[in-house]
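Going by the order they are written in, the chains are A, B, C, D, E, F, G and H; count residues from 1 in each one.
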Amino acid sequence: MSDAATPPADRLARLDLQRRQRLGMVEAVWGEHKSPQQIAEVITGLRRAGELALVTRVSTDKEAAVRTCLAAANQDITVEALLHPWTYEPCARLLMVGPPPPIPAGSARVGVLCAGSSDLPVALEAQLCLRAHGMATELIADVGVAGLHRLLAQLERLQEFAVLIVCAGMEGALPTVVAGLVPQPVIGVPVAVGYGVSAGGRTALEGMLASCAPGLCVVNIDNGYGAGMAALRLLNGRPGQKA
Amino acid sequence: MSDAATPPADRLARLDLQRRQRLGMVEAVWGEHKSPQQIAEVITGLRRAGELALVTRVSTDKEAAVRTCLAAANQDITVEALLHPWTYEPCARLLMVGPPPPIPAGSARVGVLCAGSSDLPVALEAQLCLRAHGMATELIADVGVAGLHRLLAQLERLQEFAVLIVCAGMEGALPTVVAGLVPQPVIGVPVAVGYGVSAGGRTALEGMLASCAPGLCVVNIDNGYGAGMAALRLLNGRPGQKA
Amino acid sequence: MSDAATPPADRLARLDLQRRQRLGMVEAVWGEHKSPQQIAEVITGLRRAGELALVTRVSTDKEAAVRTCLAAANQDITVEALLHPWTYEPCARLLMVGPPPPIPAGSARVGVLCAGSSDLPVALEAQLCLRAHGMATELIADVGVAGLHRLLAQLERLQEFAVLIVCAGMEGALPTVVAGLVPQPVIGVPVAVGYGVSAGGRTALEGMLASCAPGLCVVNIDNGYGAGMAALRLLNGRPGQKA
Amino acid sequence: MSDAATPPADRLARLDLQRRQRLGMVEAVWGEHKSPQQIAEVITGLRRAGELALVTRVSTDKEAAVRTCLAAANQDITVEALLHPWTYEPCARLLMVGPPPPIPAGSARVGVLCAGSSDLPVALEAQLCLRAHGMATELIADVGVAGLHRLLAQLERLQEFAVLIVCAGMEGALPTVVAGLVPQPVIGVPVAVGYGVSAGGRTALEGMLASCAPGLCVVNIDNGYGAGMAALRLLNGRPGQKA
Amino acid sequence: MSDAATPPADRLARLDLQRRQRLGMVEAVWGEHKSPQQIAEVITGLRRAGELALVTRVSTDKEAAVRTCLAAANQDITVEALLHPWTYEPCARLLMVGPPPPIPAGSARVGVLCAGSSDLPVALEAQLCLRAHGMATELIADVGVAGLHRLLAQLERLQEFAVLIVCAGMEGALPTVVAGLVPQPVIGVPVAVGYGVSAGGRTALEGMLASCAPGLCVVNIDNGYGAGMAALRLLNGRPGQKA
Amino acid sequence: MSDAATPPADRLARLDLQRRQRLGMVEAVWGEHKSPQQIAEVITGLRRAGELALVTRVSTDKEAAVRTCLAAANQDITVEALLHPWTYEPCARLLMVGPPPPIPAGSARVGVLCAGSSDLPVALEAQLCLRAHGMATELIADVGVAGLHRLLAQLERLQEFAVLIVCAGMEGALPTVVAGLVPQPVIGVPVAVGYGVSAGGRTALEGMLASCAPGLCVVNIDNGYGAGMAALRLLNGRPGQKA
Amino acid sequence: MSDAATPPADRLARLDLQRRQRLGMVEAVWGEHKSPQQIAEVITGLRRAGELALVTRVSTDKEAAVRTCLAAANQDITVEALLHPWTYEPCARLLMVGPPPPIPAGSARVGVLCAGSSDLPVALEAQLCLRAHGMATELIADVGVAGLHRLLAQLERLQEFAVLIVCAGMEGALPTVVAGLVPQPVIGVPVAVGYGVSAGGRTALEGMLASCAPGLCVVNIDNGYGAGMAALRLLNGRPGQKA
Amino acid sequence: MSDAATPPADRLARLDLQRRQRLGMVEAVWGEHKSPQQIAEVITGLRRAGELALVTRVSTDKEAAVRTCLAAANQDITVEALLHPWTYEPCARLLMVGPPPPIPAGSARVGVLCAGSSDLPVALEAQLCLRAHGMATELIADVGVAGLHRLLAQLERLQEFAVLIVCAGMEGALPTVVAGLVPQPVIGVPVAVGYGVSAGGRTALEGMLASCAPGLCVVNIDNGYGAGMAALRLLNGRPGQKA
């Protein structure tokens, strides 16, 4: 059926290599719906163009398959060098290939909070995506509102961050409480952790959107990457980061 | 069409006069879908049977119309006496006819909290329905989580109640925070206050059901009456109230 | 990427060991999103702190894996002793490690009803979580409203419980019928059993919230643990249980 | 714009006058979205064709306006005769013009139950639509499941009906309980009465569809007319009615 | 934990053996959430009580496991005899154990239609559940409205059935079209076949409930059993079937 | 607060006067959320630019208010001339100011069907929006599927249209049936007519999207304008219309 | 149970072989819910009737199983010939058996756009279904609106197509932007690619239906086949294609 | 009923006067559910405490009633002085009493975009709430994506803002397109403008959350105030604004 078939080349991902220049970001690749072969090709393409390769939602199995694909391509030494360092964080299902930029001394830091340990994958995704852009982050885990003393004990520390990313599943009340306590930008990330009415993260999402705390911003459920990029937009405008 | 028509008498509300004996409660009448004439008849019926008449969701206009109906019925002195005291609380849209039982000295008290002043109608409905059964309540208003210090300042006082009814709209986080702080039974009442995703009270409801605080119970949106009756079921089993 | 990585220790669950003192409850661990390794660590931590370890939503496979993790840790005799008794109930997917407190003679009892045998896992979770706090319970199974005689035959027995936990899937009518028959506190637990419109338990949940029976309280779908803790809050305030 | 405009005649309702012959029913007119003028025209059309005119969802104001339209048409005596008897039931918002067929002696009867007095409008719509086809019905009001004794007291009477139409709002449990008690066909009609999760009748509808009672059939929310016609389909096949 | 554990005997299904006498139906067992062991026990219990055993939603694998359980129980010859005939229909996932009653000559028949071949499992479930009660049925497959001529060609045949059960997925328009063509009772069964907006059967369900055809009744999605029992209720009242 | 206020001029609608050149359409104005004053200004602006002014969703009252605004502006004769002809169709709530282009002889015609007379406003909106672009249309009303003979009687006529716009509320089955009968492009327009599950038009919309008929296209609920513009896109590419 | 069982022959798919003559389309077979055996039978049936066999939603495994079924049937040479060419496109999960009609020189072409490479399966389904009817298509991939320059660079090329099929997941904004840029018919196809609020394709679907661009048509989520057939209906009316 | 009634004083709003010190914001009052009398009291309270009074969602009628209340209170000259300047913006339904802080020369500015003129009320609310905190804003109206040239023409201007607030109803695509073009923080505000699937603003909200553009933040539907406060949190951390 050659007269109708789309040539394979036309199906290749069209890399948005102008993104760094336009938005100050690398083009992250959403790995969930891509085959290992497709991911291997995108990594090679990005690395050849001198870009860091950042791939989200890569399961442990798929990461192994991507390595196999790349090895099988029998690549020369030059390409092999481009694949280092190879950083894979299984909990966040995130793959980063190539060296991230150094973090400037004295940089503003992003605080990443999570309500329970089930929120860790999303928090780590946010942290690593910021790290890939040379930003410093710090994790404050297990400060859910059912045991409020744990959060209140961190109050002074929270004041020191330039931005706060707050991840929570279930009823998602943590970002509301945080945004009522501190004046910084707070980005709420609903997490798809829960069962019954909270399964899938909808309840956490809507709880954050409906928040009675003023000026809380929200991203999509489980969108650690998006929260990281929102924080990056904020920090990029600050002296010391961008200049 | 007399051969098919339902005789008006058959359409009359069938009063559940055994309810007090079976459940320890008066039969409250849901006034929203009833005409003033129907409400007037139900009040007369209940009062004649020696029961307190408790009618929820009666607007200011409808309350006036009910009075007119009752006056127009040209009732004798005996009936008129049954209509006192006539207590109407416009904010809660609640009508109580007849004398509520006295509150025994030293009774357990129910704490009724609300996050903002828009939650007052629901909180008052709960208070008055408990009052109609001889129970003592206390209101703690405007302790929403966006200004947490207001709630924490009341912590010691909260410990003294036998049960807590906690009303909140928007994201509905208040009952979660309360249930994480104190050991008593906590009944969450979502309130249909908000806009966008929180319009109608769904977000508050689901936030309470999804709560990370252990053992929080929930009733329907705006159901101050139901929260009151749930508290009554709890208190009825306690020495000093029921014995 | 050592400069950015979160040290593994920071990712550990922060145990809320003050919960018993604050709320009169042990901190139950939600096992669904945790790895066997994480669960093994939490169990050890709780037992070392002298707490009972209660883990919900542990599948049969995961329970075996937790045992393997604990064995592999080559623990000394002192730790091994802490892991007894080891109680795992596969139908409820619940794991309890350590000895639950004794049930005081003559304690108030919680009646746990379920509409059909598919509701058993949730009912058992409620029973075991109460058992872990020294509370007595009794199961009354298969009393669904499609064969009403089965429930009515138990009416006298129902009157004897201090609290009733009523589990139902499908249309979830059982708690409504029960709350219309008896004066005690009734906690409805919707169960995710059904298909079509009742798949996932939403219909049962909303049916319970919309109940025409006064004072019915509700918890999240499949939340046997929450229903148990709500019952515990009620019983803790009663003389003879807490004193 | 005469070249494009649709001639008014083309906009007239195309009456389905074959319906009685095809389905054994008159064509009922849904009055909600029609103007008084349109309704007046349809009534005249149906009456001239020798059909009974049955118009649902006609508010009290609209009924008055329809009368005015018909009077204004300065109709001759022949037409005026066709408009008798004029039967309007405000609670059901139903208008019937012309004489319904007589009810044969000893006909099977349809029992119409409703849970509370707020369900009356829907129950009456069902009754009157059956009456318009010469069918006998009987109303049993206020037998909601929160006071089960009221329903159980009617059990023997229920056995005598050929079909049961059961209307309920809130959690809609009544049809489930009825279908578990008697062997006849049961048609559940959810009613849009309630607030919070039950507002709009969705919860009652889904509760009936999810019913654990075998063989319960359901129609759309508030669809008293549809329930009546479903009962008519059943009865039409019975000897004594149709023959 | 013997003091708290529910004795296994208490967890057994409580059979509703009065159902045939009360409702004229056997108690069908919903097999989806039951273990093979539980199903084997229920079958034995029902057969010993002289009842036909009807189990819905039994996958091919589970049916084999049930057989194994029964064989392993080393049952004597008397029990073995009770397990014949053993009828399993894999497409409908339905298991019937024991002899169904004979179909009386000249019985009224139920027509079972389906829009496409993906609706067959549901149609067969309806047919077999009726067969288990001695009722005659006939299948008319693949008469979806996208090729209307296929349905119109069957019009005369449709007129001969006492009741019509009409199964359809996707937009679910078939029952509407059928109910507009014939006067008999029509029971619509939405089928969970489709993708996008029609995945899960919601669209078919709501399309049937919203039908413009008068008197169409509906059951839950995929509820072939319920449709069969609704038809049975109808037929039971007819002379020749029940007498 | 002059330093912050947005100058009124900045709030004026920015007309997309390039739309005709880019898309071959006039810019229709959505009148629902605009004040009479705003609409009057937009009409004047469009007419001065030589464009036809097409305003959708203008109630009868608002149309009168727009006239008053324009009269009050004390406009000279030149402007007054631009306001002719003034065409207002109350049923469609559509206002067209200025002369529409003539319809070329022998043009392709668009057939506009509606299931019931309640769908007329949407059908007329589609017709008039096409008329405003010089396209010929024809209305075929009241051909709903509950009385299929009415549609089948029009089958030959349907074959003659270049495109079919099919409007339906309730279950929305009509476009499915039509698209199964004829080969032309069919655009389904769900109409917000109905109650219970069909209120708001969702059921009709999803029924059309889920259609088993191949190649049915859909627009938003009540979007007669959009259906008209979709038809226009189709016709514009045909010889005889555009050339 | 031979007296009740449906004979297997009655369960066979009833092919709609008049579809080509009525609608100008082959009957495509929805493979998702069919067994390999059923698919093999349908293919043979269609090929014997001289039709192209087009089967959608066939997974790689199922395609292999279909081949096995056909081989096992030990078919003679005549049948074997009918099975060529055998075209299977795994990404689109589409199977076409038999020779598609040639594409006439100078035919109008359909442009198929997709926002990201995850939308490719749906785009390819649309392309191949058009190819099966002798229509020419062209794929323009990876032109999502987050990097608008990629789309704007194709603007001139877009103008050349007779119809545009635009596939997008996530927020689904691409068809809106395209329909605002070019005057041709635009068919939006929402794709079930995304997570959180966009999982399942609902958000993309509703975004397209709500589009502010005039005249955008929409089909069901992932319905590449339907988009292709809608385009076919458009093209069939054009000179040069159909004549 | 004096023993139970809540003293009116307890129902008064508890002002969160620490908010400015804690969060750098005044406490805005949500006027929708408050009576004119309540609003008058809150304004007086805030002004006496030296705070600016900012009340959102005040209709034109309510604003007049608030003035009347304040006049009726027969306040002395000191209070009257506190009520100046009185700024009411009817389109935004926003009331500001007292002098806002001056805008420092050379301040960072917030760009407020809206897709259509129906989004103006929300955009103005954001602008005025920022103005109340001494922040400079600029409005760019009517740059919806259906006429993309209008937005692209403003691209250079967009680059100059510190933050962008982007309001859109319908499909809500504008913030996605903007966030793909510029590197600054972008806050999307969904607007409840539309009909059918877009009524209520849900589609716009979910489209923004699902955005394919990286780092787009979202607030609740119609929440201009929240978007303003989110921007304020961002700007407060910048040199030149806060120092």
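Here is the rule we use: a residue touches a chain if its C-beta (ideal position, glycine included) is under 8 Å from a C-beta of that chain, and two chains touch if they have at least 3 such contacts.
Everything numeric here is computed off the predicted structure, so don't read it as measured data.
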Neighbouring chains common to subunit B and subunit F, by label: D, H
Interface numbering overlap (same over half, different under half) for subunit F and subunit G: same
Chain centre separation (subunit B, subunit C; CA means) in Å: 30
Approximate Å spacing (C-alpha centroids) for the pair subunit C, subunit F: 58
Subunit C-subunit D separation of Cα centroids, rounded to whole Å: 47
CA centroid of subunit D to CA centroid of subunit F, Å: 35
Two or more partner chains touched - positions in subunit A: 22, 116, 146-147, 180-181, 196-198, 202, 205, 209-211, 214, 220
Complete list of chain pairs which touch one another: A-B, A-C, A-G, A-H, B-C, B-D, B-H, C-D, C-E, D-E, D-F, E-F, E-G, F-G, F-H, G-H
In the complex, subunit B residues that touch subunit C: 22-25, 28, 162, 180-187, 205, 209-211, 214-221, 225-226, 228-234, 236-239
Complex interface listing, subunit B residues touching subunit H: 85, 87, 91, 96, 100, 103, 116-118, 120, 124, 127-128, 131, 136-137, 139, 141-143, 146-147, 149-150, 193, 195-199
Residues on subunit A engaged by subunit G in the complex (per definition of touch): 1, 3-6, 10-14, 16, 18-19, 22, 30, 32-34, 38, 190, 192, 200-202, 205, 220-223
Subunit H contact footprint on subunit G (complex, rising order): 115-116, 144-148, 170-173, 176-177, 179-181, 194, 196-198, 202-204, 206-214
